[in-house]
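Okay, so chain A shows up in both of these, paired with chain B first and chain C after.
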Partner chain A sequence: MLTRFFLMGLDKKAGVLLTVLAVLAVAVPVMALGTAPDSPWHISTHTVALLGKYLCFALLALSLDLVWGFVGILSLGHAAFFTLGGYAMGMYLMRQIGSRGMYGNADLPDFMVFLNWTELPWYWHGFDQFWFAAIMVMLVPGLLAFAFGWFAFRSRVTGVYLSIITQALTFALMLAFFRNDMGFGGNNGLTDFKEILGFDIQAASTRVGLFVATVVALAAGYILASAVVASKLGKVLIAVRDAESRVRFLGYETDRYKLFAWTLSACMAGVAGALYVPQVGIINPSEFSPASSIEAVIWVAVGGRGTLAGPVLGAVLVNFGKSYFTAALPEFWLFALGGLFVLVTLFLPKGILGLAAQLRDRLPARATVTAKPADQKGV
Partner chain B sequence: MSTEDTLLYLDGVSVSFDGFRALNSLSLVIEPGEMRAIIGPNGAGKTTMMDVITGKTRPDTGTILFEGRTDLTSLREPAIANLGIGRKFQRPTVFEMHTVWDNLELSLKAPRRPLKTLTYSATREDRARIEEILDITRLSPRRDRPAGSLSHGEKQWLEIGMLLAQDPKLLLVDEPVAGMTDAETEQTAHLLKDIAGKHSVIVVEHDMVFVRELGVKVTVLHEGSVLAEGSLDTVSANKQVIDVYLGR
Partner chain C sequence: MHRAFCWLLAAFLALAAPASFAADLAPLVRGLGAGSYAETEKAIAGLAETGDPAVVPVIEALQAGDLHVRKADGAVVVAKRAGNGYALTDPLTGAALGEADRNAVEKIRINNALRRTISATLGALTLMSPDAGTRRQAAEAVFKSRDANALDALNTALAKETDERVRRAMTQARASVLLAGEAPDADKIAAVAVLQERGDQDARALLNGAANTGSDAVKDAAMKAIASVEQRLALWGAAQNLWYGLSLGSVLLLAAIGLAVTFGVMGVINMAHGEMVMIGAYATFLVQEAFRQWAPGLFDFSILVALPVAFLVSGAVGVAIERSVIRWLYGRPLETLLATWGLSLALQQAVRSIFGPTNREVGAPSWMSGAFELGGLTITYGRLWIVVFAFLVFGALLVALRKTWFGLSIRAVTQNRSMANAMGIRTARVDALTFGLGSGIAGLAGVALSQIDNVSPNLGQGYIIDSFMVVVFGGVGNLWGTLVGALALGGVNKFLEPYAGAVLGKILVLIFIILFIQRRPRGLFALKGRAVEA
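For the complex of A and B:
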């Protein structure tokens, strides 16, 4: 039954995306580890980490699409959940440094020694264990989202007001994490990681392993999100997006539905953040900055809101563009990003994935030949 | 008759918006299985009455009892809907992105909790019931169309179908024939009369032809309270009713 639940959401789009991910999961390790460095097929560790980073952003975009595309909650603070997941992973990685830090203190991370702290704060306990950190990666963003959503949705805060509060949430977290006495490394954040699960974090094989883990997480997230969206619960979510009060008069507690999607989405974002940190090697409060969350919204809009596959594509394409532009024309990137958002909003309301459908509609001759799906529903 | 035997019991219900008394000590009793038409000029409080019954608006004072025991004034919309009160809005509100079928499936009486809907799959009975409603509302050929592509009349019918799927004890129907052709109006009257056998129905309507077609007890609202009650002929002959409403 569970298998059926997970399979029911998968359509042709999902097939293409999952195939691409499967190819990546095989090809990238082979090209990175199995080819000679001078081979034209070889890809560097740096590229592997870069691709891994894109896919982490893709998972963040996917989680954002679940709430924005399907429930209509425009979160301008989704990077907060991503970053909290990242910090949970960062805390584990800090504890793995052990006595190899600059100050050689086996119990305390360097920044705590620097601040003359004598013992580990209570909230750092347990993070020396991977399983504990792995739970926290989802639990912390999940709990925050649940508490936030509980109050916001019950008070029926919606639309632009909710967006502004999510923005305030991530901004408040940024200010808090900048403070040294929060115990999260202040503005330097957490960095200088050595090992993950006993593997050297710089090693090419570890990087490839992290990349594969990211591909698996993205695929799993995609399958889960598709299943949720295709279920009756997903239909309720879409109905909430389009006519919330009508859904209430049908007897659905819409706050609970929003809370479910919102919390699930935050957990997914947390996982994305946790995979991001070991691949980029640092996590600091600037990840909480409102701009990061807004960028995530742009990825979703570019790829196609409410399509699940679109945001994945959008995140990868926009970040590829960002990597290219920030190297080639650094001062041009923000204009390109802003321009892209305007263009997409004006001309591609359904993003890149909606473009195909839009073109079909423009060509009536072709539209008429498109076969209608057979009527099977009532059988 | 004691309150226990009533389906819906409103006593002394008042609602003010910024000093404007939308409902002024309104009292109304609906019996199980009854169909009632509510008429009245604009601003008489017809829609506000529906809002207080369904939990959208909280009354300032007064009692609203469902089935003689459940106090509706302290409940939220979903809880009231789950007690068995369904509502059709004046402007047809269907889920435009969903197909006709999905609109009915979402309305169908079934557990409403998120984890139940996550694992829901339509049973044979569910599908049979939806088929039945599609037939009643004549929307069978449109089942796989997005509800947004339906005509105005079809949307009204879909919404009535959604009410049927909910299988409520009491249906509140706000201007069901607004914008319908004469033929559609007549069909809708038949449809509502069919429903009335098994459910109680409150219909708010401006269209006198339609109200006559229904042939049920009529309540005339004026300035937030009941002005007259009785058969359409009785209230039509009422001097006050003619003055405030019919005569104009």
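For the complex of A and C:
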């Protein structure tokens, strides 16, 4: 029964994506650990971490697509959930440093000693346990999203207004986390991690392990999201996206459906953030900046909103472009990113996958009868 | 030979200075060099009696130890080291008297008693100065120093004083001296009353001192006075916050008002709005550079020239954006948001590539620098002009939308596009011009913000979220709402700041807005009726 629920959302796209992920999960460890460093097949730890980072972003894009592509909520603050998850993981990693910090305090992270704090703040308790941190990674973003969505959806804040207040939310969080008194390391954030679950965080094998964990999380997120979308609940979500008032008049309590998708999405974003932090090695308040949330939106738009697989592709492609251009042509990158925003919204409203689907439809030879994707109203 | 020189000197003095100098002061100055301390003191007293401000530099030179007697003729001169010898000048006129060997002059010595006389004399002389400003400054100096030696001089000066403001300053100075020093209780209580009237931080500090040391009667009076002063200070503090709030509110208003046109009237989410502000600021920078290059004398007018330039440049960029991107996206607000965000990134990078990433220096014209005091408030001219300017822009926009043909077309197109089209309004052109108007106003804001903020490629980013908050809070499509929203948010922000700190205050305001939107999803002044569901 449960298996059927999870499998029902999987189509051909999903098959391709999951296969690619499976190949990655096998090939990357083999190439990183099983080959000699001078072999042409070898990939460095740095590359593994980079790929892992892309896949974390892909999971964030996937979570964003769940609410934007299927419920029509354009969140300009999804990086807030991502970063909160990251901070929860960062707090665990900080506690793991123990007395190996600069000041050698067994309980307090360095920055607290530096600020002359003598006691661990109450909200830092429990983070020395991995299971606790792992729960918090989903609970904190989930609770915030639930509270925020509870108020926002019940008051019927929709469209642009909702986008703008999500932006205000992440902006407020950024300002808050920049403060030293908050107890999250202020400007510098959390960094200098030593080990995770007892493994050295710098070691190649740990990096590969984290990468595989990210692949698994992404695959699980994808299966979950497509199951939700394909279920009856998913149909209501899509109906809410296309004509919310009508769905409400039909007797559905639309705000509950929206709240469910919104909270689920936030939890997924939190997991993405938690996997991101150990691979990048730092988390600081600038991740909260509205700009990074909007960048996540463009990954979804490039890949194709409302396709689930598209955002994954978009996140990887755009971030690959970013890594390449910021190194090769640093001046050019913002022009490229800016241009991408404009071009995609003007000429590729359905993203790369949408374009592919359009091209396929035009080829008469392959005019197989497929269900045409529901026309998306520009919400 | 010496005699001849003396005559020459006398003739020179007679020519160079008013006759009174040579006649009255010169012998007195000569008396300074007579020899004994007692004689010097007598000469100082004589000089002080004249009350002539020309005496001040002489006595200051004496205090600094620059005054010497020329051995050859007994003349008193100012001697400053120059090479191996001294360069001599006349103490009264400042005229050069050639150089002298080190042995040719002898320093006029002073002891501690003389030093006291000198400083008291100097105080008294500046208190007697014919210039009211100098007198007031001298009185303020005494107020701060609480120097008991100056009391006599103060009393004499007070008796002669006619200017009301200087009189008040002197009375306060006298009260400060009395309260800090030894005086009968009655005098001290009178002094407390004077200080209570003054009612600022300095007065409170003095009163605190009196409340701790004086006799019971004085203590009592001082306590009461402190309570009253503190109440007054709190009042002025509130007024100061109000002014800061108004000032911040008008900055927000400037930044948001263009957005009120593009977002509020047209419904276009322009995330590149902040970059229009930034372009306006850079236009100001360029205009100022041009003035510095070709007409430095007219620099004070550069801001006035920058206004239309910034309006046109930002407006033109706005029209270009509307024609090339936004017009394809009408009715798709979220797509518009993304596209304009992309434009803002590209514009920032373009400006960064052209002007560099560092801050550019934009100067303030002389009529915008400085400050004046209003009761307990200090108001800078720059801020004052920005407040005035914000309201002028607001008024002009209101008139333009309500009373002009162009404004009528804008409203017609917003309310019913197809009907407006049918009536012969070229809607596409009106769209472009409206967007240009909003962008142009952002450019005007850039001119004003260049005066108070760093002109860098990131200038606009700092304002975009605030501007959206203002427009959304005030209610979309309502200019008055924008005005109220800007002033309210500015005021709340500044009133929270003393209690919560700047950052926390801002966070609280953001949270407040998020909660507020829940209560009233369409802002303070929402449009009523069916149109809102569109």
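Throughout what follows, the second predicted complex is superposed on the first by the 359 of 379 C-alpha atoms of A that agree within 3 Å, B and C clash if a C-alpha of one lies under 4 Å from a C-alpha of the other, contacts with A are read in each partner's own complex, and residues count from 1 in each chain.
Criterion: contacts are C-beta pairs under 8 Å (C-beta built on N, C-alpha and C of every residue); 3 or more make two chains touch, one makes a residue touch a chain.
All of these numbers come straight from a predicted model, not from anything done at the bench.
Of the two partner chains, chain C is the only one touched by A:V297; chain B is not. Once chain A of one complex is fitted onto chain A of the other, the partner contacts of A:V228 are limited to chain B, with no touch recorded for chain C. By the touch criterion defined above, A:F341 reaches chain C but does not reach chain B.
Touch criterion met: A:F171 reaches chain C, while chain B stays clear of it.
Comparing chain B with chain C, more residues of chain A are touched by C. When both complexes are overlaid on chain A, the residue A:F260 reaches chain B alone and has no touch with chain C.
In the superposed model, A:S155 makes contact with chain C only, not with chain B. By the touch criterion defined above, A:A239 reaches chain B but does not reach chain C. Residues 245, 378 of chain A are contacted both by chain B in one complex and by chain C in the other. Across the complex, chain A is touched by residues 54, 56, 76-78, 81-82, 86-87, 89, 93-99, 101-102, 105-107, 112-114, 117-121, 127, 130-131, 134, 143-144, 162, 166 of chain B. For chain A in complex with chain C, the residues that touch the partner chain are 74, 76, 148, 151-152, 154-161, 163-165, 167-169, 171-172, 175-176, 178-179, 245, 290, 294, 297-298, 301, 331, 334-335, 337-342, 344-346, 349, 378-379. Per the touch definition, chain A reaches chain B in the complex via residues 1, 5, 228, 231-233, 235-236, 238-239, 242-243, 245-254, 256-257, 260, 373, 375, 377-378.
Contact residues on chain C toward chain A in their complex (touch as defined above): 269, 325, 328-329, 331-339, 341-350, 352-353, 465, 468-469, 472, 503-504, 506-507, 510-511, 513-515, 517-519, 521-522, 533.
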